[in-house]
Amino acid sequence: MDRRDFLKHVCLLISSGAVVGGLSPAAWAKMIHKDYDPAKHYYGMGVDIDKCIGCARCMQACKTENDVPGDPFYFRTWVERYVIKVDKSVTVNTINMGLDESRDVIMEKDVLRSFFVPKLCNQCDHPPCVQVCPVGATFKTDDGVILVDGKRCIGCRYCIQACPYGARYLHPETRVADKCTFCYHRLVRGLLPACVEVCPKQARVFGDMKSIASPLGRFIRMNKLHVLKPSLNTDPKVLYANLDGEVN
Amino acid sequence: METAQNFAELAKQVVGFIYPNEIEIHWSILIVVYPYITGLVAGAFILASLVKVFNVKELQPTYRLALLTALAFLLIAPLPLQLHLGQPWRSYEIFLTPNLASAMAMFGFVYLWYLMVVLLLEIWFEYRRDMIVWSSESTGLKKWVLKVLSLFSTDISEKAVAFDKKTVKIITIIGIPSAFLLHGYVGFIFGSIKANPWWSSVMMPVVFLFSAIVSGIAIVMFLYMIIIPIQGGKIDMKCLDKVASFLFYAVIVDFSIEVLDFIHRLYESEESIKILSQLVSTKLFMSLVVLQILLGMLLPLGIMVVIRVFRLQEELRKLLYFVCVVLIQMGIFSTRWNVVIGGQLFSKSFRGLTTYKMELTGIEGLLVSLALLIIPFVVLAILIKLLPPWKKEELAGG
Amino acid sequence: MKDFFKKIPEQAVRIIVLFAVLALVLLVVRQFILPLELKDPALQKNSAMEREAAKEVKYAGAQSCGQCHEKEPEMKKSGYHRDLSCESCHGAAQKHVDNPTDVKPTSPKKRDYCSYCHNYNSSRPTGFPQINPDTHNPRKPCITCHNPHNPKPPKTPRSCAACHAEIERTKATSYHALIECTVCHSTPEKHKTSPRTVTPTKPDKREFCGKCHAKGSGGKGMPTVDMATHGEKYVCWQCHYPHMLGGI
């Protein structure tokens, strides 16, 4: 490395360190995964309701990948089944709640419309959970993911109360709040979140919100989009295509 | 494993649809106890301040008792929060490294401000002269405890006592907004959760505040009616009637605000109205309609109207007052229950209701909460022993 | 100045000193005892992100599979399962990638795994291939007829199905799905032009069925009978309909 290169590196390190708030260059250098730079990404997910077949592979993969407790009361992602009957009555249930429901043959009568809705943390741009955390244990990363610092969390569960989407739970063993991270450990290695990886129908599309020529870019361009509970102004980064008005 | 079984049991009782993570009621009975206790603190302090700031002379016999009650409950107030945390040993983070955007992080500031700057200071200045005198009169441990408590202060000149009195008045004036802050802030913790329509309301801090005043006045009245006879004194009926009349007005204001909130919700009839009416008419019917409104509010109001209209004789009046304050305590506890537990019984999908099954023996169980409700009375007993609120002649003379 | 201090009553001085000491203690604890990571949000954020990024990956991702396996990805490329990730069926395989010889991924061969996606469910999107497992060739593993790496419905020659569509459909879900029409019916070429005058042959003897179903002649899992005692008065197709499920 000649002197010019060295100086360039030093300048880069110092300026990027300054961006994340006065970090020492050494602290910045060992940050995250090898060459991964959070500032260069901004993640989001598209979910196409018309494509979801309710096979629950995403739920299963998420539990495996993230060591989520196996009991059916802790989910980072889950799939709801909506059945709207001819008489306009709506029934909803979460598939695979303890049973192998996604394998059951379900033939319902008088169905007006029916569909599956995959749910997960919406990785809001204005996250109420981050706002209410009394100790700053949950925060938004530069690449737009909401994480929980398990070493910091005091387990007061205010964030669980504040989340409009029921996306958080208290981990029964660690006794701290836990939630979907978009599989952050996979992202830094250039992999897709586990649920997206295993989805057989590409009902989930993951990518960088900034990119245009990408599956997510195309998804955003080609669909009429909706988010969950828009009136709460949480600005979710999980975008739904073909979402029914009954879903909330 | 046991929790999983409990949840599986609970899952069977779910009506309609809830998000899968919602089966666990995260804020349990302990979080019901917390606002109940802080409410008593704020209310008792407001009653005390009526004497000093508004010069309501009749209330003088309850002044010191109200201060000590507020202190006893305030000292215990953080305990339920502490016990409820998933990681109790990290609670210092709230005080030392708070996230300033969080309403809950304000707890450290509000609590310390109220405990140190308002209550302890006021009590210290109020009792300073007496502590010096009692210390010189007593021997052994008590002498030294009082000496330390008075910070080895010695000056009981008229000038110094006058300074104490003036300081007490100033602190009380600061104390009133602080008491409002203390409980308004607890209401804000709930009222600012936009995800939860049962909580999310600007009225929440106001409702909390006035119910706090009601419960605080009632608890002081309750204690006054119990402690005075125990100490062999005579209940000052003038004082009791006056406290009761303040209680009467406070209940009316509290009731009106709650009714206003109710009508407002019903009239606006937002998306959540269906599930909330289902909640009120099924899961909360007993605790909200019967306990909180009928028995905890309308019945005591009715009794107090009867007392005022028919000018009943002293003994009957005492009995009815006592019934009133007990009913009111129960009503306000139900209010806290309905807010805290009620707000978690319906799904944020607005499609279903879940059930809360209280533990008996666990940390978040019934026995612990009962203990937490009893400890403040023990603390109060010690405080009264150490810092008697009444002089001997006051007890006898009435 | 000295006079001013003297004017303050002694009790006020005591209180002020007490408060000053308390404030100092608090300040010292925060300034000198608390670790830097607790105080600096940026630092805390980074260390939490690092911890998150360091978590173990369980799903290797479809790209990894292609590095060693050539045949299956190639086969999958153009089929209906082209978008299906290998690990959707074979399970999390990072361990296998790290240690290909010792750790082998699972390979679900039973019917119940395919049924996660392909059992009939009225909430599934129209057009998605779904079956009723009770009537669709029960007991046989799906992979006897369908290659999971390139699944297709078993084909009857269009030349037969063009006219005998109903038979084709029933046969396709029966035990005899994989047996071609011409195994039992030898069909003269002229049958196509003059279907009524030139007809294909039909089996005319019990022994024809007995080639497979007589005791001792059947393959594994094949139902066999003692030809001497099993309904000896009749020919087989008086009781069994060979195109239909279960042959009944």
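So that you can tell them apart, the chains are marked A, B and C in the order they are listed, and the count of residues begins at 1 in each.
Everything below uses one rule, namely that a contact is a pair of C-beta atoms (placed from the backbone, for glycine too) under 8 Å apart; a residue touches a chain by one contact, two chains touch by 3 or more.
Bear in mind that the values here come from a model prediction, so they are computed numbers and not experimental data.
Colleague: Starting at subunit A, find the fewest moves between touching chains needed to arrive at subunit C.
Modeller: Between subunit A and subunit C, the shortest chain-hopping route counts 1.
Colleague: Is the number of contacting C-beta pairs greater for B-C or for A-B?
Modeller: It is A-B, judged by the count of C-beta pairs in contact.
Colleague: Specify the chain with the shortest distance from its C-alpha centroid to the centroid of every protein C-alpha atom present.
Modeller: Minimum centroid-to-centroid distance belongs to A.
Colleague: Compared with subunit C, which chain's mean CA position is the farthest off?
Modeller: Of all the other chains, the one whose centre lies farthest from subunit C is B.
Colleague: Report the inter-centroid distance (CA atoms only) between subunit A and subunit C in whole Å.
Modeller: Using C-alpha averages as centres, the distance is 23 Å.
Colleague: Distance from the CA centroid of subunit B to that of subunit C, rounded to the nearest Å?
Modeller: Chain centroid spacing, subunit B to subunit C, equals 57 Å.
Colleague: Suppose each chain is reduced to the average of its Cα coordinates; what separation in Å results between subunit A and subunit B?
Modeller: 40
Colleague: Going by the touch rule set out above, which residues of subunit A reach two or more other chains?
Modeller: In subunit A, 136, 152 touch at least two other chains.
Colleague: Provide the list of subunit B residues touching at least two other chains, using ranges where the numbers run on.
Modeller: Counting only residues that touch two or more other chains, subunit B contributes 93, 97.
Colleague: Could you say which residues in subunit C touch two or more other chains, in rising order?
Modeller: 38
Colleague: Hey, which residues of subunit C end up touching subunit A in the complex?
Modeller: Its residues touching subunit A are 38, 40-59, 61-62, 81, 83-85, 87-88, 91-92, 112, 115-117, 119-125, 128, 132-134.
Colleague: Can you list the residues on subunit C that touch subunit B in the complex?
Modeller: It comes out as residues 9-12, 14-15, 18-19, 22, 26, 29-30, 34, 38-39.
Colleague: What residues of subunit A sit close enough to touch subunit B in their complex?
Modeller: 71-75, 78, 80, 90-94, 97-98, 119, 128, 130-136, 152-158, 160-170, 172, 174-177, 232, 248
Colleague: Residue numbers of subunit B touching subunit C in their complex, please.
Modeller: 93, 96-97, 116, 121, 124-125, 128, 151-155, 159-160, 163-164, 167
Colleague: For a test of understanding, state which residues of subunit B touch subunit A in their complex under the given definition.
Modeller: 3-4, 7-8, 11, 16-24, 26-27, 81, 84-88, 90-91, 93-94, 97-99, 101-105, 107, 189, 192-196, 271, 343-344, 347-351
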